[in-house]
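You will see chain A twice below: alongside chain B first, and alongside chain C after that.
Take a look at the complex of A and B:
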């Protein structure tokens, strides 16, 4: 294997890439598009949930509670209704995600020191948002209740010390201090964009040669199989790395995702991940010799598992055991672990040896498979 | 024309596999993998009080089924290391003097370290811890009042939230995702199928042959789209069956409403597919273009990420997304069981989008022939 011949193949491939401006444009636009859409659109932390309130008490106390709900950044479009069935209709139509019913004896019970229940009708269709909505509502009620209790005790001229809260939970959230779901999703988009572009372009590269019959011509030259494969992948490797750089720049520069690790570690992990993606795409296109089939299978084989099984949005440790076992085959999972650790935790490479070596092993295995397959297909 | 399309579809065994296998694989993968629920969160414990009270609290944490103790730390440094290395997502530390503080009427503190890399899991886990803590605090507070307070203070106002989850009472993520998978799968499949059907004719040069035959463009388009339409309906029925029978998702609405919604939705996806096919010359281009259109449509549909949480300009964009309306129809008919009286705006929107897209594609198609 000589460098000169490999580079020659790479140059030929580069010219071919340049001749197909549409693919190149997609390769460059895709990361920006994905970054913009997911960066802004992918929020799991459910802010601005529409809440409707049915205040059956209409007292000063219930108004004070309503005021706190309105002031919360997590709830929006707070509307008050006069009838229960209006609330039901709003939930049915999806106009409200949470309906709060303040009972008619709310203020009377509070004044006489009784316990009162505020009813929360929550649209459980989207279970995740529902969880969060209840959580936010509970927090508001807790704060309100503490105020009412403080008042109660003060008005009776008693020391508040006897009534201090028995338990306080002091939560320290690390790595993503504001619990911002963007910081959780966006590092994954870097990988997603690379995986997409790499898989799509590289799978076409080899299949194109077969389809046009130029592969035979290439093989009849003194170039070896390994040289062809490496040479063909080099330009796509460069494009993929450029995509990654664009994505990271947008993530850190625009969306203010923290970057706590070292650039070197990130570059090393990215190169490994890209290599695996390209090799898998190559393997597919060597096996299926037409462009359309190859690109479709490549997308199916990379995108789908990546979206679902890499921990991109859905936590792996919540999946049932058989599905969790499958995730070990999805190489995106290792990269995602590394990217998140480097960006958010600032982990040193020493902590990341396991996922990094998994990626390296993966690259080696798929590389050997693809070369062997390619040699065989030439005979 | 219709007959010819069906024949072509049957001849291509590979296509048939490609049409049937991915949706089923996806349905099962999504069905099992897509969950935002929080169970068995790997948790590390450090109990520096080692009292009855601290053990009770930790026991109620694990008894909830939400937390699974994966490590017991010997000291604070080890607890931090466990969270840092990702061995545990949550570290719970109970300081010495916990029981004493509870007994003497002071505030006892429990420290919770959360790996919030996954902010969503962290938020929900925190809510569960809060609920468990609140129960314990309530017990202790009542106990204290009983022992310490003068008679007139035995009663103290309190407010609780009585939660009534509707439509999905156990907060099962599958109930949310499986109906969504049906919509997304049909979206991808029918758009692609239509786009390829026309482009294939163009690529192989048979389009000209058909055009010189007495078949009119409208007839051609109808013949091209009807098989996709039939396939889309069949697929919807198949996946719905798997969803209700295998994944036990309730179906509370009327089949007729869902059928109408599906038909209207298909009209817009087929229109979209046709439009893509008129812009592209090769199957390769068609694939790239449909990919470029489908990805944003998927993200904006509200499939995973709630539309209400998106910034306003993106929310406006979602109104152009037929999948958004169809997902609303699907989730509403499955889980809420509401009918046309609620879903008419969605139906209207899909019909309008369908009409618009089909009209645009016919105009473009005529032009591309000249």
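Take a look at the complex of A and C:
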């Protein structure tokens, strides 16, 4: 393998990308577009869920509860209605995600220290939102109940201390203090954007030579398979790293994702992940030999497993064992582990040796496979 | 080197694609500094032989030595010593002329100082001065062809393979191109050229006639003209219709007939006998015949007869 021949290929490839508007557009716009779309679109926590309330009591106490709901960042109190069927209609039409019904004897029973049930009707078509809505509503009611209980005890001149629950959990969330789902989704989007651009561009690289007939000339020269592949990899690697830098800048600068690790660790992990992605795409490009087919398969091969099986959308430790076994060949899972650890935990590279070595081994294996697969022959 | 002065040695070369035999037991040698032409209709195996010699295709059987190296066992050594110009002038259309040259110079490992010199030479040779930065895809046929040649010989290979280098190029450019080929040969470069242009065949030192994968004849154009043809050639001045052609083919003593320009060339065994009988034979079938003249056989006559084709169109 000679440096001169490798660089000749790299330089040529870079010129071709620069002159191809389609490739340029993919390289420059795709990451920004994806970050914008998924950064805003992909949230697993709910904010401002529309709530409608049918207050049958109309007392001071029920107003206090309404106030609590209104104050929550998770709910937007759209309106209070006077009839039960208006509430049902709002849920049917999707205008309300949660309907609360305050019973007519709400204040009376509270004052007499009796148990009161507030009915919550939840739109379950989106189970994630439904779970969240119930959770948030329960939290608000628990707090309200505790306040009422406190009042009740004080009013009777009893000592509050005697009624304090003997056990309680004092939960403190680490790494993602606000439990903002964006903080764990966006690092994944960075990886996704980079993988998509890299896979798309690199999958065209070898197939293009076959399709345009230039491969015949290329294989008649002393250039080796490894030189062609490394030469073609270099410019796409540079583009991918630049895209990653843009994405991380957007993630940290715009979406306020914390960056607690070192730039070096992030760059090293990103480089390995990108390398694997590009090599997989080149392997596909070597095998398929036509641009359309190669790019479609490359997108499928990178995007689909990444979305489903890398832990990006669904937690790996909750998958059934056979599916979990498959995730080990999804190279995105290693990178996601590493990138979240670096951004959110500030883990040093030393703690991430296992997933990093997995990526490095992966790159080596796919690289060898692609080089073997490349035949300098027209047969 | 296998033997002094032998640039290429081919022995019993066979190439099969599935059930189709593209090259059928072909043997020949080429000397250093020789311009060897491959002549034959489409599908005769010209390109396949060239591709095997460049190490692009593996022979099914037989042996080929190029610059002393076996193409099957040591293709990289072969590739370092050859220049190849494929049928489609496989340049990068989205690279400029100079970028193409630099790219191939880099692939052939030409040292930077030498490369500068060679690129200047190639630009001059191709007549591309002032168009160095034009994208290869925008260049007209002749320029493109010379640029492709420049790319293929930047590293001064001792052996050059040109696969139909002049197809789709205007006559002026073709003539210019052949001058370049001869200049290379004078410098000791062995040049293989495949073509289906008959006039170009005459420029070659030796010609290999190929038909359906077989080597039909191999000799100098002069020898081929005088000895390869079995019989004599008569030029027949008659209306160039299919009817006339059929009549000529059926005429007694005629071995073969083919349309040439506005008349026919007829290959016969006994020239004088047929010369007298033919006008009468045609007149009896209502075909006017102005003249029947014996002529020296051209390469085309040889080509048409030896390849057993009636249709000389592709050879025109």
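Going forward, the second predicted complex is superposed on the first by the 372 of 379 C-alpha atoms of A that agree within 3 Å, B and C clash if a C-alpha of one lies under 4 Å from a C-alpha of the other, contacts with A are read in each partner's own complex, and residues count from 1 in each chain.
Rule of thumb we're sticking to: a contact is a pair of C-beta atoms (placed from the backbone, for glycine too) under 8 Å apart; a residue touches a chain by one contact, two chains touch by 3 or more.
Keep in mind that this is a model prediction, so the values were computed, not measured.
Placing chain B and chain C on a common chain A by superposition gives a fit, with no clash between them. For the combined arrangement built by superposing the two complexes, chain A sits at the apex of an angle of 100 degrees to chain B and chain C, based on C-alpha centres and given in steps of 10. Once the two complexes are overlaid on the shared chain, A:132 sits against chain B while remaining clear of chain C.
When the two complexes are overlaid on their common chain A, residue A:252 makes contact with neither chain B nor chain C.
Contacts of A:241 after superposition on the shared chain: neither chain B nor chain C is touched. In the superposition on chain A, A:349 makes contact with neither chain B nor chain C. In the superposed pair of complexes, A:24 makes contact with neither chain B nor chain C. In the superposed model, more residues of chain A are touched by B than by the other of chain B and chain C. In the superposition on chain A, A:309 contacts chain B only, with no contact to chain C.
Closest C-alpha contact of chain B with chain C, superposed model: 16 Å. On chain A, the patch touched by chain B and the patch touched by chain C do not overlap at any residue.
For chain A in complex with chain C, the touching residues are 2, 4-5, 7-9, 11-12, 15-16, 19-20, 212-224, 376-379. Considering their complex, residues 22-23, 26, 30, 33-34, 37-38, 40-50, 76, 89, 91-94, 97, 109-132, 134-135, 137-138, 141-142, 144-145, 148-149, 152-153, 156, 158, 161-177, 179-181, 183-184, 200, 204, 291-293, 295-296, 299-300, 304-305, 308-309, 311, 313-315, 317-320, 322-323, 337, 340-341, 344-345, 347, 351 of chain A touch chain B. On chain C, the positions that touch chain A within their shared complex are 51, 54-58, 75-76, 79-80, 82, 84, 86, 88, 90-95, 99, 102-109, 151. Note for the complex: chain B touches chain A at residues 14, 18, 22, 25-26, 29-30, 32-42, 83-86, 89, 102, 105-124, 126-127, 129-131, 133-134, 136-137, 140-141, 144-145, 148-149, 152-153, 155-169, 171-173, 175-176, 283-285, 287-288, 291-292, 295-296, 299-300, 304-306, 308-311, 314, 328, 331-332, 335-336, 338, 342.
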